[in-house]
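Chain IDs A, B, C and D follow the sequence of writing; residue 1 opens each chain.
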Amino acid sequence: MSKLYFRHGAMNSGKSTALLQAAHNYEERNQHVLLAKPAIDTKGEETILSRLGVSRKVDFLITPTQNLRTEYNRIAAQHLSQTGSKISCLLLDEAQFLTSEQVDQALQIAVLDDVPVLAYGIRTDFLTNGFPGSLRLLEIAHSLEELKTICRCGRKAMFNARKIDGHFVFDGDQVAIDGLDVSYESLCPNCYFEEKHIH
Amino acid sequence: MSKLYFRHGAMNSGKSTALLQAAHNYEERNQHVLLAKPAIDTKGEETILSRLGVSRKVDFLITPTQNLRTEYNRIAAQHLSQTGSKISCLLLDEAQFLTSEQVDQALQIAVLDDVPVLAYGIRTDFLTNGFPGSLRLLEIAHSLEELKTICRCGRKAMFNARKIDGHFVFDGDQVAIDGLDVSYESLCPNCYFEEKHIH
Amino acid sequence: MSKLYFRHGAMNSGKSTALLQAAHNYEERNQHVLLAKPAIDTKGEETILSRLGVSRKVDFLITPTQNLRTEYNRIAAQHLSQTGSKISCLLLDEAQFLTSEQVDQALQIAVLDDVPVLAYGIRTDFLTNGFPGSLRLLEIAHSLEELKTICRCGRKAMFNARKIDGHFVFDGDQVAIDGLDVSYESLCPNCYFEEKHIH
Amino acid sequence: MSKLYFRHGAMNSGKSTALLQAAHNYEERNQHVLLAKPAIDTKGEETILSRLGVSRKVDFLITPTQNLRTEYNRIAAQHLSQTGSKISCLLLDEAQFLTSEQVDQALQIAVLDDVPVLAYGIRTDFLTNGFPGSLRLLEIAHSLEELKTICRCGRKAMFNARKIDGHFVFDGDQVAIDGLDVSYESLCPNCYFEEKHIH
């Protein structure tokens, strides 16, 4: 009986590293995995890039209108016919960007197709509101596991505060991939409230 | 530095027992707690009733329009003036019925007023959709801890399937307190899918 | 595939309550459980007594020389012949007092007889040294889960400090059941170090 | 208030990767850490080497007779005088090889010197018996967190079975670093029992 896992953590908590390590653990035991991520994440295009310097190409990108279960099973069948090997695990990076329906399909892959699904992602956006994918994962994942990191003050970071040109901002679109102007800093609630002047 | 905890579990996993035990643990160490629950839950009216047979009156009911932080601080101040004792913990039962704003206020009680808040509740309704309070708790609680129970098949139960006159139903209002006709059975995703004919 | 769980917590963290709730959860779903504890614990004799006021007689006591797996299977077979029902779970209270061998036998019950074993107990004695049963559980249980309680200072309690006539003592036998003169106070490491003058 | 964490997992579960990621997380926030490991581990000499390919030199090796707290404070003081920066975290790899006393000293670093200590290691040897360091960590760490990996059968691996020239062996010294002849395979209890002919 396989499960759907949501391994969540603030930005820069090491989620991609953990995903690549999990893939490595399977492969070291001669088991096969598939890696995927939502196409909306343009940071590494088709690559999962860990801040420790490890990177790897995904096996497929998930577009917003795709049925994840259908697509997974198509690619797994292809893999089986080409290599003679079944898939032992589906690993999803940036899972907060999945649609709610795709998370339901991920649960079906685990429960009905009996393949474990490890979904890595953040819980909330820069305003502390969930993304469609993370909200649905928080509702229906079998197991919620936190990857921890620290705030500038030494407490556990939870929120993903957005900075533009180095200044904290509290309005804007939900999705703004970090790059030239935009950056994120993971903060604990205390420091987040301090920056937002909530007291 | 206090935290907001969401201790979630399927129906009949022992959440009220765990809450009453936590209250007991504080009081045995001569510390004072406050117990509250949303007024929407009419099951025990002003009582938290554990299926093990233990029960206790709440200190206050939370109405949907109330500011939880203001109300908590009012009652804590009253308690202090009457007994000379500060409050060491706020315990919330049926926390899924809080409003989203009240969960933000609960986080502020923990972070800004430095009082731990232990919120107990279910993650999802009979259609596997979150309640306003549980969704916000899943987004912003410092710590997500699961209270486990079992499905009829022996696996871990996660979903709260509704029965009317003993038959599983998959449409209706989100809130229907269990009573004469309505009952709930906690199921694992496999058994839930089976009853809902998803395959 | 069943598992051996070690649910550990400082004294007075609610372990017996949690055990009785777990038993109740199984029975509410018409499943049968067995409750047992080591005979060395004379506090409640054949009774598991929760500080919330709930109590229940154990199905069997475990003496130090007994083979737990043999004894469990004997009683489960008896139960089956008398009631027609299989056992769905074995619950062990005060599991720190099991012998190391009995913990190995508990793992075999889970793995080879496919019955989940829930063992509840404390990690360490009043000098912070493990008991034979808890050490072995910490080594080989599938899952280590903590039941939390608080120290007098508000931090999480971990250690079980012994008092005689109200004064902390730091020498004596490993086992001294709390009663007339002897009592225990669960402390965090900071308060424990303070009482033991470690700095 | 800082804590002692024991992050345990079977061999090849990614402990060194997780340690290097944790160090990276601190440093990315301009905080300073120290990395250390027991001198007994000769695998990488003074290097922590992750199977993902990331590696890093430790700041100091811990010999069996050393007082870990004294040594840590000496090096932290040196670091402060040379760089003007305090140490925010002590990271310990292969922590199962610490002595019992050194684990007590690690707890004192966390509690009395207020610096978090993250200890990574395995729980048990190839015969499922604890090492001195891991047993003491299981007794007194504030937090026990598992890093999971899988068995050849797809279940969670827990035990570290030893192979010599590819054959499982069940007698020998507790410590035999993997190398030319000796290797280890992480197994679930079911597969371990199968190889050891326990049924």
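Here is the rule we use: a contact is a pair of C-beta atoms (placed from the backbone, for glycine too) under 8 Å apart; a residue touches a chain by one contact, two chains touch by 3 or more.
It should be emphasised that the depicted structure is a prediction, and the values quoted were computed from it without experimental measurement.
The chains that touch both chain A and chain B are none; no such chain exists.
Where chain C touches chain D, the two copies mostly use the same residue numbers: shared numbers make up over half of all numbers in play. The distance from the centre of chain A to the centre of chain C, with each centre set as the mean of the Cα atoms, comes to 38 Å. Inter-chain centre distance (chain A to chain D, centres taken as mean C-alpha positions): 27 Å. Residue positions of chain A with contacts to 2 or more other chains are absent.
Contact topology of the protein chains: cyclic, one closed ring where each chain has exactly two touching partners. Those residues of chain D that touch chain A in the shared complex are 12-14, 17-18, 20-22, 24-26, 28-29, 31, 51-54, 88, 149-152, 154. Within the complex, the chain D residues that touch chain C are 1, 107-108, 110-112, 123-124, 128-130, 135, 138-140, 142, 144, 146, 155-156, 158, 189-190, 193, 198-199.
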